[in-house]
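Below, subunit A partners subunit B and then partners subunit C, in two separate complexes.
Then we have the complex of A and B:
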């Protein structure tokens, strides 16, 4: 009985934490990106390879790339991740923040330059996805 | 009774407690009320490199802020809260840890006790930095003043779009300010909208627009300038003066020329005169000259070539025939006539039509000048002698240069010209009306023929 209860709770949590971004205020997200988030995204040799079909799909991929970096690039600049999360949280009903410990991001500030270089590919893809989102 | 007393006692106590909490003292004076800790804040982004500034102050200047502090929580890139720095009565914080997305909570605290809080969005309380370097340049050729100024927001990342307000006034009119709003850093003021020879003061301030919201910046330092004096009524640009004089003289010359040439050149073109039919007719139908030869003596027509015309023939055929054979025929007819024979010249079966064209340049035809009728009808003279003419009954007959059709009568024509009455006799076999068929195919050709014949005279 306890076992089945735990499974039920886990499933409920998973259902709550999974966002499909279909009910978001896309205009508000566009303005946040245009005036704030875009200032944190710069690339010298932009080579975007990822594509997205519609606005919810673009946000899904943006959120995944920003908040779940691939191996070799453990984290992106803290401003970028925090602001992306903040705009999703205030514009998408049911979205919850996934960043738990911002103190860890502060400690990593010393290795920031190395992180940016290693994560240049991810930044390029993010810029491509955001630009696609803005055009839709 | 007891119950009533208790009730009154409770009510009295309650009133006392309430009046005590409101600060109402026993002597009737109002004690110090709870201080008003309401405050207001503004932010300035990128005021020092990437550092942002947040500044707060109490609305009530009489607040004893000795042990009071401010803190900001939420809306930060870091977890927890950040405390403000106090500078006299002003509280501020300079950091780059603002999230800039979403609301932040700013609280007033006394020690560790929170007194009051307010939720604010950092990007909605932006106060831009004041513009600077205001300049006014006078452009004499354009008669205007160009106002330029600078702002530090042109080099910033976040707050770039601003609305600028330019205010100017004449220094002697202290409260009569003019305001102009613009989004760029350049403004043009027309000279005619300013007083001449007056001293003006001008200043600028800014406010964020679009995504960022907030308050007006402080005024820029004022700039003073003087407008030039008005140009006198007698003063005039030299170039303008020369152009005016040249224009005046050009117009005068044109008027004089128009007056002189009006009748001869201009009026016929502008108002062409229609021909007067009566005058034209009179010109065409002029009376013959008095010195023209008029005679009924056949011998006076010896030089004239008279040809018998038999029927209506094609003009081309006849003309060509005339060009080829006419000189030969003339000689032959002369010989025969001189020979006394009545025999008519060997006139071709085809009837020759002598048009006035063939007469041109022929001296022998001059005697026929007098034969021209009043209406200028061409006359085809006949070179035959009157005897020959009488004998030529089968041939075509010519009356006043016109071919007569087959229906011609035997009657002698009574031409309008009496001197021609005995020249021609008609074919007696023909009956019926006289058909006057003009040379050529229509009356227009006859008219042209006659008029050109008249011109030849």
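Then we have the complex of A and C:
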């Protein structure tokens, strides 16, 4: 019981420590997006509704959209999620991967999940947030 | 076995077509002018001819009507908005109560940057640096194009700031420079527009010039003038040659007696009397075959007796063309028969004519 309590506290601390992305190496993240992540993101009618004001705000919303499934779109391409996580882990001190335990569950759901077209709205928003991040 | 269509099928088809028309048939264009103004224009023309209504809002709002409609032939064809920075624009276009289009987008996706101003060109040996004030946004590309007066095409060079250095240029040549701004795809997407080109700057040897076309014009004009001068020279030479012929035609030159009287100058030092004595048997002038017809011997033959002799009437005889003889006959002996030379005087036969010569007479050619 004590053991599980410690695990819970550590995860909570991890969440708090990486929630603001203020100490990230933004230049390194820009280069990763330019050379790696942008290749996973394409849209034709790139309407977007999500805004962000500064670079930490943009990264917060990017991370949430990429790694946390929403109703109507169970998950995005696995490569996109893993590359985004790797970038954040590399460039943001205190950022830890959160999706290892859910990876197996996501793979199982992927067989039943919607196609990428149904997640296009999320992809459009992600593209908008990333481009806004690049302009800041 | 055929199935009958349900009664609501036609209505469903109608509604579906309506929805598809609302979502996809409305053509429009969006331009974000340097994050200062946003222009939305449309091509749709409702059959009824009514004006469309444009509602918009930046960030989350979407309930303000367009403050500045663009009109064409009295009908609304667009809306001009004042931008509120790098943000999201929500807008919808209505034909009465029917929504023709509803969109939410980043206005940066349709950026058209302003044209670079204050372009400066700095020469440093064989390199040129073109500078201008940067725009206050990241993710832009500053493209400089240059060409010399001898190049046909513009050569491009781009950097992420408006500080572009071009190497290996010849300072002696006149170069033209211009610049524009484009948005990088990674930061703005692929639906942006390049800025208009800046004013063209011309420079040679580090000094500004009004135009580089003068150099080409100058070399062309030199060529043209050179050819014209050469042509004039040729014409002049031709005219001079023609004039010489005309001159010879109108004013034949005085023939050199050397050719006519062989030996006159060589043997007798121009003393015609002596020459005549030696060649007394000649009764006519030898014709020189290579003499031109106009080279006629113009001779003046003058025979003057001495003054102590009595005056006698002067007789002028017309000789062959060009040969004039003025002779004063002395009184002589009245008993002399006409046609017979007086005593003590010689007879000179020349060109078919006979002249009586005394000791006091001389012949002048």
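Following the convention adopted for this analysis, the second predicted complex is superposed on the first by the 105 of 136 C-alpha atoms of A that agree within 3 Å, B and C clash if a C-alpha of one lies under 4 Å from a C-alpha of the other, contacts with A are read in each partner's own complex, and residues count from 1 in each chain.
Everything below uses one rule, namely that contacts are C-beta pairs under 8 Å (C-beta built on N, C-alpha and C of every residue); 3 or more make two chains touch, one makes a residue touch a chain.
Every value quoted in this text rests on a predicted model; they were computed, and no experiment measured them.
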* Asked: Is A:34 touching the first partner subunit B, the second partner subunit C, both, or neither of them?
  -> both
* Of the partners subunit B and subunit C, which touch A:128 in the superposed model: first, second, both, neither? -> second
* Once the shared chain is lined up, is A:95 touching subunit B (first), subunit C (second), both, or neither of them? -> neither
* To do: In the overlay, answer first, second, both or neither for which of subunit B and subunit C A:26 touches.
  => neither
* Where subunit A meets both subunit C and subunit B, residue numbers -> 34
* Can you name the residues of subunit A that touch subunit C in the complex? -> 33-34, 38, 46-49, 51, 127-128, 131-132, 134-136
* Could you please specify the touching residues of subunit B with respect to subunit A in the complex? => 77-79, 99-102, 123, 157-158, 210-212
* **Contact set on subunit C toward subunit A in their complex** => 59, 86-88, 103-106, 108-109, 137-139, 186-189
* Interface residues, subunit A side, partner subunit B - complex -> 31-32, 34-36, 39, 78-79, 82-83, 86-87, 89-90, 101-103, 106
